[in-house]
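By letter and in written order, the chains are A, B, C and D; residue numbering begins at 1 in each of them.
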Amino acid sequence: MGKGGAKMDYTYAPGRNHLFVPGPVNIPDQVLRAMNRNNEDYRSPAVPALTKVLLEDVKKIFKTTSGTPFLIPTTGTGAWESALTNTLSPGDRIVSFVIGQFSLLWVDQQQRLGFNVDVVESEWGAGANLEVLASKLAADTAHTIKAVCIVHNETATGVTNNLASVRKILDNYQHPALFLVDGVSSICALDFRMDEWGVDVALTGSQKALSLPTGMGIVCASPKALEASQTAKSVRVFFDWKDYLKFYKMGTYWPYTPSIQLLYGLKAALDLIFEEGLDNVIARHNRLGTATRLAVEAWGLKNCTQKEEWFSDTVTAVVVPPYIDSAEVVRRGWKRYNLSLGLGLNKVAGKVFRIGHLGHVNDLQLLGCLAGVEMVLKDVGYPVKLGSGVAAACAYLQNNIPMIPSRI
Amino acid sequence: MGKGGAKMDYTYAPGRNHLFVPGPVNIPDQVLRAMNRNNEDYRSPAVPALTKVLLEDVKKIFKTTSGTPFLIPTTGTGAWESALTNTLSPGDRIVSFVIGQFSLLWVDQQQRLGFNVDVVESEWGAGANLEVLASKLAADTAHTIKAVCIVHNETATGVTNNLASVRKILDNYQHPALFLVDGVSSICALDFRMDEWGVDVALTGSQKALSLPTGMGIVCASPKALEASQTAKSVRVFFDWKDYLKFYKMGTYWPYTPSIQLLYGLKAALDLIFEEGLDNVIARHNRLGTATRLAVEAWGLKNCTQKEEWFSDTVTAVVVPPYIDSAEVVRRGWKRYNLSLGLGLNKVAGKVFRIGHLGHVNDLQLLGCLAGVEMVLKDVGYPVKLGSGVAAACAYLQNNIPMIPSRI
Amino acid sequence: MGKGGAKMDYTYAPGRNHLFVPGPVNIPDQVLRAMNRNNEDYRSPAVPALTKVLLEDVKKIFKTTSGTPFLIPTTGTGAWESALTNTLSPGDRIVSFVIGQFSLLWVDQQQRLGFNVDVVESEWGAGANLEVLASKLAADTAHTIKAVCIVHNETATGVTNNLASVRKILDNYQHPALFLVDGVSSICALDFRMDEWGVDVALTGSQKALSLPTGMGIVCASPKALEASQTAKSVRVFFDWKDYLKFYKMGTYWPYTPSIQLLYGLKAALDLIFEEGLDNVIARHNRLGTATRLAVEAWGLKNCTQKEEWFSDTVTAVVVPPYIDSAEVVRRGWKRYNLSLGLGLNKVAGKVFRIGHLGHVNDLQLLGCLAGVEMVLKDVGYPVKLGSGVAAACAYLQNNIPMIPSRI
Amino acid sequence: MGKGGAKMDYTYAPGRNHLFVPGPVNIPDQVLRAMNRNNEDYRSPAVPALTKVLLEDVKKIFKTTSGTPFLIPTTGTGAWESALTNTLSPGDRIVSFVIGQFSLLWVDQQQRLGFNVDVVESEWGAGANLEVLASKLAADTAHTIKAVCIVHNETATGVTNNLASVRKILDNYQHPALFLVDGVSSICALDFRMDEWGVDVALTGSQKALSLPTGMGIVCASPKALEASQTAKSVRVFFDWKDYLKFYKMGTYWPYTPSIQLLYGLKAALDLIFEEGLDNVIARHNRLGTATRLAVEAWGLKNCTQKEEWFSDTVTAVVVPPYIDSAEVVRRGWKRYNLSLGLGLNKVAGKVFRIGHLGHVNDLQLLGCLAGVEMVLKDVGYPVKLGSGVAAACAYLQNNIPMIPSRI
């Protein structure tokens, strides 16, 4: 007798953790319920039937009808690897942008996988330099560039790149390069249009805007990407689309064991998104992103994102004054207020902290977070006017269209 | 295929509901986990072993060593009935106070159960009139008064009565009346001392400060109450302590089937309380109650509670101006912001709304609620300065001792 | 760190407990999932909307269109008390049958509630003596008998009474007595027809064939019973239907706080029953009851139920030879095989053990239980031929119509 | 309103599915409870603290003190890839055994990853041909063989290889080849001794004997394997140990996002194993394996495993007579009895069906499964004597030492 479940937690804190890192994000109770289940035989008739529905449904969040999705038991890092190794061969020239820690890590992966990466760097806080892309494509009449790789939303700096522009540039030069997109912190939260923008591979992770646990990398391939995969020479087995496609054809769908729980969880997560309406979900993210930016402004702090056109509706990186260590903001948030904020990473370590506002989250949860940030800022010596950010956010939210259309 | 769990909810709203009614309250995830289980045979060795531990542990929240607890599958209303029918006989004279809707309902029950209720009324917003009690006891030299019944905390008005004074008055007149206390919205949240204050029966419900689902009425009887139960003539079977005591003696504990889930849930809930420390839990409630009252003041609104001595740390009833319908505040909170507030009841219907701040809840959750209240107030036409209440609450909370001792 | 959830169990045993007591029974995973949720404000629009659906749906399991159901936060014992106190007055003459421990307990309650109980006893193992009932009704031309109280299925002996016959007898004598039925271990498992049989109050508990946790007593009252409740003088408050009816009329439904979890659980449980089909559910119970009886016969043991007409499809009480203590069978089942069987109670203590085969259970679960019983019987010295009971049950089950119509 | 959770299941069947495929296996309720939780920030102090404990604890199931474990968000297939690519370079010669479908798939992966695979084939049903291994090692005085790859337990045929012998042979020839072991269906269920047997990389998957959901590949590397990883030239990023080791050193442990739920689940799963005792767990698997084999014998059917020395205690492949299609056995099991059995794969498709008896499972669950198999066999026209297998299994289990030491 006697040992309770409570002690499994590292250090107890009353009430609910305010989880405002930009992933993993809050899981809706409906999804937790759907996942609260025993394993099942994935070769029974039930799991393929469920998978079939999921593969159709998941295409909607990519806004594609021609794409082929893969639900891979991996993380975003694995999804990256799947996108690259299935479409490219070692030595292939690719253009890739470094605008923050996550695009940097993807470039690192691209290099380690043996590609010839033509890196375009921006200041951290700026978007991808599309002018450089344009000039590279213009110069590449021999079509040595096999792919353009870009993160839709750089999670480290809160910068959203303009993918429609990338497509326009590719089209301008009638360049056949594959267009590979990391949509990890964008898909299901920001406006993303695979077919319209001619994206060849798009990918996300279950623990981001889909609001699931970590463990499913969702990769969607255009017909052109699928074709490329037939000749791509990168070594791959676990991440090989070919094995999936073989089992798709047989109607059993799985080359190896999937997580039964994540499949049912994905069904519940998609059902929630479709019930709210994908465009309403995207509008809600804009609502929360805007409210957050107004709060940052009211605090007299700078947004790490340098221009409005790059503002991210899923994560806001807040620049602290030089006399403050942003890591201390994060530490205190957790210790004193049970608030989880994102650290500044690499070049912006100590300089920014991040507020993730993506996934299944609402106005009052965000306002609780913002109030917490204000107290932490005061704790660490920044002369914030308490209530100022919350007031600015409230003024916007209260004047805005309702968040819950179903309840009007 | 296809029907998801999501649709079971009446109307979908993204994110987490801010549950700030004064019960049922937020259930900690640890408790949800502990309750997520199949039924068990309650006659196996496991359930009595668990029950034995629970009966010892639960005494700590009453601060009693001599009391005998009963874990009855019922609600607070049933717990009331158990307290009364086991200790009193039809026609018995009892003194009882009406200070709000819940004390009123208890008096109604007392009358319907056939007692001769000597009702002492106060204005709603005031505490029990203990001077009247004193004069009644003084006059009752024949000891016709068999019991004094009082709610520790009136949930409808946010008024906490002074139980130590009640005991002092009883002692002053050396009056043998039983001292029966409704601790539904106090025990585990407010300072309550069964033994020290000579309380004869105290009771609470699982869905209040214990932060469990509804369904367990917890009644604790002093030796004097147990003795009274041997001669009390009120008709009772389901609520009869005698059946429990018989099974206690046999070591099988249950005269009828208990909820296995609530037993494990109670274990987890008590473990959390003991881990935080009961006195820390009580201090946290004072912290949140104070913050709420400061917000109300900053909004320029009146607390329904008339004097500071009666301020409740578990619920605050906020008086709205005459031109506003408080029910509309509650309706809008739910519809626009997924915020659940308490309605004004009976005499104060339309005039007050209530913020419950009890159970497993923390600073940021409360601040999210307060921000929501501000927006609703503005929605309904009250000229609140947005951010004002949150600022006042933050100023207090940020200056105060930390909420999470374990993380320091 | 380090304390795991596992230790909350009294004594660890690998694998799943085979729960074959006649209640509380196995909870379907779908129901566990539906109940795995936070509290909600029961005064929000969502809970009344859910309740309204439940009150309609629950009538189907009683096979009534004219009845009024009450979902009371209590157990079967409380449901009994609700049925009696709302329809009868102290001193009222009622005819009641004692045929085993649960009917005995109900009679005990009836006597303690102050009714004049005309007890008709049968040997334990026999059904209610309806001839005696007939003669009593025949003699009662003055209609002094106000109610006939009968358990549909006596859980202690596995005896099912013939309710259609009771109605026929009442009709024969045109006797206006109320017809009160304990359907605790029958409703949702045995054929029960409230309207057709003219039952005035029928009741069950959530933890029986509905396969929920304990905590909801479901009572259904005919129009005649509701009428009786207006003049019944038994003292009642918690169990008073009047308070429910008042809130039904207001559309808020609840006179006091319900268990949010049990409401959602009930919805899921009813959905499962309707998906399988109530008549298929009843047929499945007959299938499992028959299989169990064939196994008992193959073991060379006696069924406590004396005649086939009384055989129960929800519980089988197995008589052990005099040289064996049936309590030891139950103890060993739990200790050695993680098997939960029902004890013999009162008069049949030590003489019978019980196999509950009700609720959400299937062929293979039952066969695992039967195999376990065989091993236990051998353990305690009964010369059972291992495999004999399982073989007899299998022969029946395998030849029978499929259990899972949806999968054919 | 109205859509219930039930409909999420493909086709409803009452009662609990008997899950007897050799993975994914039944998840203990304690583990389900531990996993029933929201996401957390994996960069907070809590998750590294938990991870640190897990990395120590998990070494115990490998019986290693010198190994370094990696908890990779992947499946067994990914764990294979991690083991190979971190220790070997393209073109490296490895000896690998094909004895069934899973060893075949591993060899296929080895070839596709560019190794020079020296395949040693056995008949399906036989173990790895260690004589051939001996002769190859004897001949390889130049040490061109870089690794010996072997499955401990071939899940397709129920064959357990003798790893101690492999080590002995390697030692006999003082051969420095790495010793890589697939322990997917053995570790935590069969006797496995990483340090004693000088295994260099051992791996398993969460959904096997650990009884978790799919999604965590657990790989454990000896110091020699770690050293090899520093020069191995296989391309790898997601599976690269180097990234893990870098974060181990920093104390933050995760190069990318782990599944919070699987971490807490692993803690609970290990706690259960340690509470039962790892050796008791292994003994229980032998108990259940033996019982299953006795049943197969009683049915007059052949075990696919050709010799007793290779009998597997985690899965039994049962050979059906030529006139029966084993796939029909599996189909009927699921459709008529809600029983999940394993299909025959590849060479033994249609010829064998498989009973998985690994993970958190007990006697009565197995007996329910065996009874189900008997009925299915009769359904498909095999003249089994009903009850015969159950009787043989019971006779063994009942005579054996108790399964539940904690309850004696």
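Basically, contacts are C-beta pairs under 8 Å (C-beta built on N, C-alpha and C of every residue); 3 or more make two chains touch, one makes a residue touch a chain.
Note that the structure is predicted; figures quoted are calculated from it, not measured.
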| item | value |
| --- | --- |
| Each chain counted as touching subunit A and subunit D at once | B, C |
| Remotest chain, subunit D as reference, centres from CA atoms | B |
| Listed chain pair A-C, A-D or C-D that repeats interface A-B [over half of contact pairs the same by residue number] | C-D |
| Between subunit D and subunit B, distance of the C-alpha-averaged centres to the nearest whole Å | 52 |
| Rounded Å distance, subunit C centre to subunit D centre (Cα mean) | 43 |
| Computed distance of Cα centres, subunit C from subunit B, in Å | 33 |
| Shared interface positions of subunit C, touching two or more other chains | 1-2, 4-11, 26, 29, 32-34, 36-38, 49-50, 267-268, 334 |
| Subunit A contact footprint on subunit D (complex, rising order) | 5, 8-11, 17, 19, 21, 23-27, 32-47, 49-50, 73-78, 80-81, 90, 109, 112-114, 205, 207, 213-215, 234-235, 237-240, 255-262, 264, 267-268, 334, 340, 342-343 |
| Complex contact set, residues of subunit D against subunit C | 1-2, 4-7, 9, 11-16, 18, 26, 29-30, 33-34, 36, 49-50, 53, 267-268, 271-272, 275-276, 281, 284, 334-339, 360-369, 371-372, 374-375, 378-379, 385-388, 390-395, 397-398, 402-404, 406-408 |
| Subunit A residues within the subunit C interface of the complex | 1-8, 10, 29, 32-34, 36-38 |
